[in-house]
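For clarity, chains are labelled A, B, C and D in written order, and residue numbers in each chain start from 1.
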């Protein structure tokens, strides 16, 4: 480790504010994009599943009805 | 592909088209030959205009195959779209002259305009003409130099009784000379017409 | 060639028949430029400093705003479908349309620009480079703007979207256009900068119309 | 024989179903590798790389700034290429890729701008300086926004993808021109451009973590694109049998 202590590591030679804000924002943006991608995928799969089930029901009632 | 009299000019193989997550039509298979007249019927929104746009190459998002036996279709194509395709600032004659220059058609403009009953309206700006008259400016191109494929979207709308008869005669004479005519309308030209019906996502050749 | 000439004549006739499409961009250009002396300060030295950028940005916005109507009326009236199904390659009538549009909207800006340059206290030696830079720059703006117009022709509120698509593509022309005038004001050699503007024009004229034709095909659903 | 495999590869590559199966197999192990590579690169750069003799520790922002900038640029170029394939060869998979690449690219561009500004403050005293690199990155962000805005404005998914593809193709040419025109305008107004201190004199101890964090960023980009592409495939192929079957089984 280049720094003597963890506190020194956080201080970053007085520049900690800039370094950690930069990394904080980057982390938030990357995680947000990843989470959004995964969430969209599951939402898509759920809507398709629901549509399939609804279609299945209409077909069943259709067959039993006639 | 050599084009003898009986080989198909147009071949559709299980053509299917979707729009806004709704199947417009699917499984459309048919063959059309030179000299035939095809009438495409179906309710509004059944996909008639989209089908015509696929045939002339304007719409490319479909499944299945749409094959023309003519190498460069657009040189032999006369397409009248859903909109008349004329600009309101120009007069009937100016519109027609531009359409002929763009599509490489020749012929006597005045007699064509007369055939569609626009005699006397030649240099009236199209803005002052009625919707029916505007459509008839585009229709006048049918009386000019002939093309081997006519694709017409609702040619009979806003046409009076006299106009219907002359249009029927024009389509029949063109078909007689080997033009393949495909049009959408509720009006049947005559008994020989082959019909294609679009309904509920299905497309079937009626006769 | 017949289709090119026919489309060119028709377009010029159309633009002549509704002069609003010619006058509006011109008025817009003059009005926007005359805002700045009121906004910044009428004091000549300060005006001369911002003059190249102001005149150029106003010209750029004038051309961009005139793009919206380029294909819209043709698309609504069905003429666009005729153009795409005609036996001739779409790029030929499209190029004719672009040429006609530039003649009627871009060229007037060139003629008016020295007047506005003068109003903005530009030194007279910089007026000629100003005209030249706008003469070389506006055709590129027209063609690139037409790509945006072709892609947004079918959309109902395409205007703002057109700006969002096209402004980043306008930046190089703006930089070298305004840069040419600034160099002239600083007394530096202008030919090199105008040459770059000319090179940009050559690139845009060679690839642009093809992209516009492709954009129109895509917008019609292909 | 070779031609047949290329042809089969081309068709397989082009078929969304094959890509979905391929990504199902790849994602479970690619995601952890991407994360590990990225974190290792960042931590190495932050904690173990030597401080810069001039800037001290504020240069450590480089370990996220440079990877983000390169990812953003490569992302746009990739979108331009996918656009060409989609417009010229009408390949469905290319259309799907255009939609999948754009969002994370825009995110990386934003990161590059923010980290660049935060780096500029301690080094040159101002957050924003209109220097060549940062201005190019800002314009790249505008172009990403243009592509995404165009895609959302058009309803039909295939037409939207193709329109965005054409715009991306034109945009790629513009990226190159903007890079030079922005550098020129700097010489016009500010004399010499301010070279990024420390980048040219980067010694190996600083270089390795940078390469690793860059690789990590690109792998994360690949994962993001794959997940988004899968969603788009499901949406487009919803009517086909294999999607119905997959959805019914609730499979991954």
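Everything below uses one rule, namely that a contact is a pair of C-beta atoms (placed from the backbone, for glycine too) under 8 Å apart; a residue touches a chain by one contact, two chains touch by 3 or more.
Nothing here was measured: the structure is a model prediction, and the numbers come from that model.
Chemist: Using the stated contact rule, I'd like to know whether A-D or C-D comes out ahead in C-beta pair count.
Modeler: A-D
Chemist: Could you pull out the chain whose C-alpha mean position is farthest off from that of chain A?
Modeler: Measuring from the centre of chain A, the most distant chain centre belongs to B.
Chemist: At what distance in angstrom does the C-alpha mean of chain D lie from that of chain A?
Modeler: Measuring from centre to centre gives 18 Å for this pair.
Chemist: What whole-Å value do you get for the distance between chain A and chain B if each is reduced to the mean of its CA atoms?
Modeler: Spacing between the chain centres: roughly 52 Å.
Chemist: Need the CA-centroid distance for the pair chain C / chain D, whole Å please.
Modeler: Taking the mean C-alpha position of each chain, the two centres sit 32 Å apart.
Chemist: Roughly how far is chain A from chain C, centre to centre by C-alpha average, rounded to an integer in Å?
Modeler: Result: the chain centres lie 43 Å from each other.
Chemist: Using the touch definition from the top, which residues of chain D touch two or more other chains?
Modeler: Expected reply: 156, 159, 238.
Chemist: Would you pick out the residues of chain A that each touch at least 2 other chains?
Modeler: If we look for residues of chain A contacting two or more partner chains, we find none.
Chemist: By the touch rule stated above, which residues of chain B touch at least two different other chains?
Modeler: 60-61
Chemist: What are the touching chain pairs in this one?
Modeler: A-D, B-C, B-D, C-D
Chemist: Which residues of chain B touch chain D in the complex?
Modeler: 18-21, 23, 60-61
Chemist: Chain A touches which residues of chain D in the complex?
Modeler: Going by the criterion above, the answer is residues 42, 46-51, 56-58, 60-61, 64-65, 68, 103-104, 107, 110-111, 114-115, 118-119, 121-122, 220, 223-224, 227-228, 230-231, 234-235, 238, 243-244, 247-248, 250.
Chemist: Which residues of chain C touch chain D in the complex?
Modeler: 144, 147, 151-152, 154-155, 158, 161, 164-165, 167-169, 171-172, 175-176, 179, 182-183, 196, 200, 203, 207, 211, 214-215, 218-219, 221
Chemist: Which bits of chain A are touching chain D when the two form their complex?
Modeler: Its residues touching chain D are 1-3, 9, 12-16, 18-19, 21-23, 25-26, 29-30, 32-34, 36-38, 40-41, 44-45, 48-49, 51-52.
Chemist: Considering only the defined contacts, which chain B positions touch chain C in the complex?
Modeler: Contact set of chain B toward chain C: 53, 56-61, 72, 74-75, 77, 79, 81-90, 94, 97-99, 101-104.
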